[in-house]
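The block underneath contains the structure these notes are about, expressed in structure tokens.
Going by the order they are written in, the chains are A, B and C; count residues from 1 in each one.
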Amino acid sequence: MDLFLHLWIMIFIYSIFAMSLNLEMGYTGLFNFGHIAFFGIGAYTSALLTLHQIPFALAFVVALVASGFFGFLLSIPSLRLRGDYFGIATLGFGEILRMVFQNEVWLTKGPMGLPGIPKPILFSYRFATLPQYLLLTMGLTIVTFLILRIIIRSPLGRTLRGIREDEIVLMALGKNAFHFKIKSVVIGSVFAGLAGVLWTHYTTFISPGDFTLSETILVLLIVVLGGKGTEWGPLMGAFVLIFFQESLRFLKLPTEWGRYLAPLQQMIFGGLLIFLMIYRPEGLIREKGEGR
Amino acid sequence: MTESFLEVRDVYSGYGKIEVLHGVSLTVAPKEIVCVIGPNGSGKSTLLKTIVGLIQPTRGFIQFDGSEISHKEPEENVELGIAYIPQGKNIFPSLTVMENLEMGGISLKDSRKARNAIQEIWERYPILQKRRKIKAGSLSGGEKQVLAMARASILQPRLILLDEPSIGLAPKVIDEMYHHINRMNREGIPLLIVEQNARKALRLAHRAYVLDLGRNRLEDTGEGLLNNEEVQHLYLGR
Amino acid sequence: MSYILQSIFNGLLAGCIYALFAMGLTMVYRVLNFVNFAHGELIMWGAYLLYLFMGDPFHFPLYVALIPALGFTILLGLGMDWIVFKPLRRTNRLTLLIAALGISFFLRNGAQLFWGAELRTYGFEIKRGWRLFHISMTANQMAIILATLGCIIIVYLLLYRSIIGKAMRAVSDNLELARVTGINAKKTIRFTWIISSALACVGGILLALDTNLQPGMGMINLVKAFAAILLGGVGNVWGALWGGIFIGLAENLSVLFISTGYKDSIAFGMMVLLLLLRPRVLYGSQE
């Protein structure tokens, strides 16, 4: 039963994370490979604040604002770049941030990590047990889904999709594509931060090693597998991949295998990504109107 | 019946989902100059690209000197002796003039043949020899066109496909270029020339076609089309 | 003062290695018009393959082990292109980038599977070196400089004195024109991968010689190589050379001012500065 709850909590957390990347990547066409950085910023901010006795509600808001703010900072220099350069630049940013987490020991305790992160308390209700946490994550997933759905279907959303299709046409129409891209990255970063907050209070211990390229690949794979640019795609992808990843963990395999299992699993993910790009780039759920 | 050297029969082709040629046919006899004229977007460039193999036709038949080349790749067609000079970007800008010519000779198995051919180029086009160490990108428009034609002639081609050779060039340069085209033809090479500035080409051509919206529209001798009132009105701007 | 000179020397040393990485990366970019995200893994596997052939069960001496290390790295590069990039030739750059990310991930974890995540070294003893003009250098470091010079000379001869090198430059200029000129584009592309992989392999070995081996060494150096080619002008092989040297110098001189933990982020910082000051270099979807 515990495994079941754990599984769903992780699926929901990654759904939010994937939906946020989907907004940037799937809808606006911005391949932000440093997206994990905002997950990390949300996580560390909320962790540090709550560890210093700041109430969760406030920490939560600050964490989201921080993520959005850094998203804004990142987008200014890098959004000028063409698609694939943007990808590499954001990837570099993600790595740099991880180095910051690792080196600024006075702030983040560096590689030793932050233990004992308290469970969230909202309106005097403590989300401590698994079912309670599940409720929290599920609720926030639904909220995220609805908010993003509203955004996608709004004029803003149509503009973002237009940017993905043809930036030149859009600029000819007089809209400033750059500002819209920033909006997309900031919103995406805020929700990534949200996922980070949920995650950090769930695992109660975080360290810089949790925010590496592997997580970026995972969330990228989720979005691509599920079908980028679709509403349900990220959820579908999260379900499939997290299920696979977490159930391996609980198969109670001998621990010596662990040394081989982790890289092997990652190799499968890498291979899956390659396979998808060659044979089914649109993922499981096809976008409306295109079989590209 | 004259054996046609190049035969294009009922060819359909285009880019991905966009079909540009809807069943085009033409022939080029040995030692002929054939001209294709027509407005922008009529598919003239697409036609040449399809013949040389950069684009694969979806339907139709192309034959060169007796063998079918409908689905051959450009590299194979070059080996058969088909030279193609594209419109616009027709030289390698970061290579020197000399290196451009060396590339022209790359498919000649015999490097001595290539070197001799390059010697001939120097004699025929002294302007190129003078600038042989200069990067081709810094040449003038006319010089680039001459280099492109020289590059193609190293192959010892048996057919030359020219895409709008006079585009963007000054009248005097165009004259010079058509002088070279004429000379190559008198040495026995057939040419298929696509032109927008049709007057000069039509004067030189033995036969000509009008292509409009991806379809054959008219066919006649060069003189015939030149004097055709409809052609004059629609395509020669008179 | 001698500390600064030493830093400059170290910077040049690192710069040589980065130059090799950048030159290999930019060659593939010139010819195929995309950034090979898995180039870092060619670097890493080059280094590990040498380790493999010098260790159990082969125990080859260094110069002998170099041959299979180079050979297999080249096969890896050719394989990458043949299995993944070739089927994707006609898609957009982003699909290629994601596929390359997948390859990179696959290869990095593959190395971790075989060799584990711990740091390893080639195990050469640090012999006494020399001292010239207040700069101390070891034999290993001299080897790095000589090897880099050798590679640069070979690349020059290739690109400017050999037909296939000139064909590479022609294909980089205009693939379609190259094909109709009679250049065998496929052969030229294969050759480009061979050179790119070879440069990555040599660079990776030199890096591991100077520092150590670990599965993540590819990725962080990819970012540096990328920064180097941006600095030198994308697609410009000599620019990549200078870009790499510049980054090496910048990294090693920066530790005079900031903490060494951030040394690896200097390259990224350079990139950001470049973008802020000269964004026109890369703006837009054209190129």
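Details
Basically, a residue touches a chain if its C-beta (ideal position, glycine included) is under 8 Å from a C-beta of that chain, and two chains touch if they have at least 3 such contacts.
Because the structure is predicted, anything quoted here is derived from the model rather than measured.
When each chain is reduced to the average of its Cα atoms, A sits farthest from subunit B.
Each of A-C and B-C has its own count of C-beta contacts, and the greater count is at A-C.
Taking the mean of each chain's C-alpha atoms as its centre, the chain lying closest to the overall protein C-alpha centroid is C. Mean C-alpha positions place subunit A and subunit B at a centre distance of 55 Å.
Between the CA-based centres of subunit A and subunit C the separation comes to 31 Å, rounded to the whole angstrom. Centre-to-centre separation between subunit B and subunit C, using Cα means, comes to 42 Å. Residues 52, 54, 73-75, 77-79, 83-84, 86, 89-95, 99, 102-104, 106-107, 151, 155 of subunit B are the ones touching subunit C in the complex. Taken together, the subunit A residues at the contact with subunit C in this complex read 29, 31, 33, 77-78, 80-85, 87-89, 91-93, 95-96, 99, 102-103, 167-168, 213-214, 217, 220, 224, 259-260, 263-264, 266-267, 269-274, 277-278, 281. Across the complex, subunit B is touched by residues 163, 166-167, 169-170, 172-174, 176-185 of subunit C. By the touch rule above, subunit C contacts subunit A in their complex via residues 34-35, 37, 84, 87-88, 91-99, 101-110, 112-113, 116, 219-220, 223, 226-227, 230, 259, 261-262, 264-265, 267-268, 271-272, 275-276, 279, 282-285, 287.
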